[in-house]
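Next, two complexes with chain A in common: one pairs it with chain B, the other with chain C.
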Partner chain A sequence: MGPDISHHPLAGADGSATISSNLYSVLAAVNGPIEVQRRDELPEEAAIEVNIRPASGVGGPRERWLESVVTAVLRSVLLVHMHPRTLIQVTLQLTTGPTLKLKNATRDISVLPSLVNAAFLALVDGGLPLQSTVTAVLLAVSGEEVISIDPAEKELAGCKSVHALAYTQHGDLLLNESAGNFNLEVWEEVADRAEKACVAAVALASEDDEMANGTAEAAPWLRRELEEKARDAVAWRDHT
Partner chain B sequence: MPHQPAPSTNEQAFLLSALRENIRLDARPLDAYRPIDLSFPGGPDEYGTADVRIGKTRVLAKISAEVVAPYADRKFEGVFTIACELSPMASAAWEVGRQDQAEILLSRLLEKTIRRSGALDTESLCIVAGAKCFHIRADIHVLDHDGNLVDAACLALIAALLHFRRPDVEIHGEEVTVFPLREREPVKLSMQHQPFCITTSYFDGGLIMLQDATRLEEACREGEVVVSMNRFGEVCSMAKYGGAPVDGLGLLACTKAALEKVKMLDRLVRERLAEDEKRRDKGGLMKELRAENER
Partner chain C sequence: MATSTILLPGEVVPTDQLPKLKKGTLTLGPGLRHIPPSTILSTTAGALHVDHKKSALWLEHSNGRYQPAGGDLVIAQVHHGGAESYSCSLTPYTPFASLGQLAFEGANKKTRPQLKAGDLVYARVSKASKWDDTEIECFNSGTGKAEGMGPLKGGMLFQVSPLFARRLMMGTDKDGTSKGGVVVLEEVGEKVKFEVAVGRNGRVWVDSGSVRETLAVGKLLVQADEQGLNVEAQRKAVKKVLKDV
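Showing the complex of A and B:
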């Protein structure tokens, strides 16, 4: 299970990835570390620049806000101090979005997990030094307080609140954005479910686990992708 | 922002000496295109997205429509705009928010070829004269740049326009109803003709002419001639960039060669559109909406 992923679809960028979940498709490209402009240069770490481009129309305040949120997550994942006075440039191009009309706040939150996951996969593809693995999930709470992970478009349109959360492989919270009407109790339950889903996405799959619960949210989709990619990268060794 | 490094002197000399022997670095004939791939991504009710790949160059065009008030001086016409903002995705040298030379050239050429040649019938976009019309917006996203951006962007734009369907409308006096895609079968745009851009790069003062230059060849060339024409051989625009002169016969040769390529591109677009239609139409919606019984 998990979203559809393709690694390195672009030839020009240092690293790139596409990710299509049931709501959004995002194409991410990473260039870096590259030369940085004087005004953005940081003396002790790499500057991170995130550009988000909507499928149609030009970016506005909404995109600027999303950029700031994604930048903050990437900064805590990248080992920025390894490349001081350089720039890591991340471009996120949205290619498809939901066809139903969603509330603005819901739409803003719902795109975040796809953006974070796409950016992370592109960073991995670009071979940038990372300190942890990050997985983001989207959760929707319906009117009857039923929590669904990776909700479908219809669930999202009729939900009470949406939550975008991202965790590292150790279960450290990196991103927490919510919109809608909810209380602390609900949020705690949401966070609990999200943490489980995120940790499961990169967990070492033992055979017992897979036998016991072959549920969608417990599938280690990110680990499988990364392992496959690592295997492909060293495949030349087996041939020589 | 890092500048795109110019190819080294050795590289340039090698490329030029090979060209003088009629050899291109990727072993193509001088007038051959790299393999062209055109696809229409998206689900069954998503229209107006075209993904073009020419070799390693990749361009995505997306069309969208909304209802707006027309310009006061053009009451009977809809609005059609082309936006091509280049992002750092294709090349780190392209900065966000600063217009690059390539971007200005690209948008100007597309504007001339498609908008000013009247490829899209803007009068058909009018809903209520002076009050409501459709605004068709075309976004060009350059995802990967390995030369010949203009041809790829033009091909993507034409393919996306041909593929796009706008929502159907119904007018009762002053009242206008716009039907969502799910309620009523959307309508195709009315296109008057389909122009394509063909870029010819020249070297050695017009002695060597070649088509579909890669990025390296573009960096070494003396100039380019962009001819845009439709499949009937009607030239919509002609542009020559770069300092070196090209004589009249050379230009005629460019135009003649372009016609052949335009026919090839036109055929490609038609084929892919037909294939896509077959893929999308599973007898679903249209069959359901049909009133007659099979007796």
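Showing the complex of A and C:
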């Protein structure tokens, strides 16, 4: 379970990753810490620049807004004070998107989790200092108030509201964007489900057995992915 | 080390993994940070390594940009020269490191190496701080000896990952087996004569009699890095290439 991930597909960037969920594919590249332009320089911390490029055409106000949201999430994940007066540059290229015609607001929200997850994986690949492990999920609430995690395109097209949430492994909320018609009770239930899904994505393997009879999204896909990558990096030690 | 602990960003290092402290201080390497009084957190995903003798621990990580640290041997490229020092680049798009005009073996105001833009030097990081510019030098400032450092003339430069550069620099055990699991240089060295310099910033400089041989050595190193070849595969690759040279 979980999206398809490949690590370090780009040789030129310091860190990179691709992630393909059932809706979007994103290619993320990270460069940093690098020299910052004088006007962007911050005396005590690293500046973060996020560039989002849509699958076709050039970016517009929509991409600028997405960039501002992703930047805010990354700022709270990165330990920006470890590299003062530098720049951490994140480029996110969308490669595929949903084929069905979605409402504009739904489309904007639904891409956020993929962007955040891709950016996070690229940051890990680039070895940048991070405060915590973050996972983002997309949830859709249908007309009958049924909540689905990682909804399919059809569910998304016919849903009442969509929610993008991101949590750290300790259950701290880092991203909360919603669109559509919903009330506070629904949101609270959504947030609860999202937190469980995010924490489960990085849950320890020993807790895995307890969750074996849970839902499919409870699989710790992010932990598995990162552990596998870390093992590959030290595989040469076993060869000697 | 088949069962090394893998940590994700923001996880606490288990206290039973810490080296048993008899005396002295605990040394934290890359990928870890200390939160007083006694919490040690990881800042990236990687395998935890502990050196009990030096009471040091660090996270092993393969990619990412080179961060200068005092004492590292690096290959720097001169960008431009000034009255007092040369500005050199260690990694692309980072502020230049300064290399003093007189920071060479036997250099004085009258005789000193004249470096042009683009020239390469093998140097040691003498000062590295996140608040200040990095400084490098081409001699041991304590003894005044070059210790193998200095301008690199001729040859070619190859890019490898920082981890691979570190493996290349690990050297060999007493019985001659490579600690880093890289045998390319030794294997090629039996047939072809060449000079090599490895910088911690992921740069390898190779020089030999001909362009063909230089390229062969460099490409073998890059191949071993990118494809993650083990010792056996490295030997095979070397044999194949040596046939053509």
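Before moving on, here are some points about what is shown:
In this section, the second predicted complex is superposed on the first by the 234 of 240 C-alpha atoms of A that agree within 3 Å, B and C clash if a C-alpha of one lies under 4 Å from a C-alpha of the other, contacts with A are read in each partner's own complex, and residues count from 1 in each chain.
By our rule, a residue touches a chain if its C-beta (ideal position, glycine included) is under 8 Å from a C-beta of that chain, and two chains touch if they have at least 3 such contacts.
Keep in mind that this is a model prediction, so the values were computed, not measured.
When the two complexes are overlaid on their common chain A, residue A:143 makes contact with neither chain B nor chain C.
Applying the stated contact rule after C-alpha superposition, one finds that A:29 touches chain B and leaves chain C untouched. Once chain A of one complex is fitted onto chain A of the other, the partner contacts of A:8 are limited to chain C, with no touch recorded for chain B.
More chain A residues lie in contact with C than with the other chain of the pair chain B and chain C. Contacts of A:60 after superposition on the shared chain: neither chain B nor chain C is touched. By the document's definition of touching, of the two partners only chain C reaches A:129; chain B does not. Residue overlap on chain A between its contacts with chain B in one complex and with chain C in the other: 11, 31, 34-35. Contact residues on chain A toward chain C in their complex (touch as defined above): 8, 11, 14-15, 31-35, 77, 79, 82-84, 124-133, 168-170, 202, 223, 226-227, 229-240. Chain A meets chain B in the complex at residues 10-13, 16, 25, 27, 29, 31, 34-35, 37, 51, 53, 55-58, 89, 91, 93, 95-96, 99. Those residues of chain B whose C-beta lies close enough to touch chain A in the complex are 1-2, 41-43, 45-46, 49, 56, 58, 60, 62-64, 83, 85, 87-92, 96, 137, 139, 141, 143-146, 181.
Here chain C touches chain A in the complex through residues 1-2, 4, 6, 8-11, 30-31, 33, 43-47, 60-65, 92-95, 130-131, 163, 167, 177-181, 226, 228, 230-231, going by the rule given at the top.
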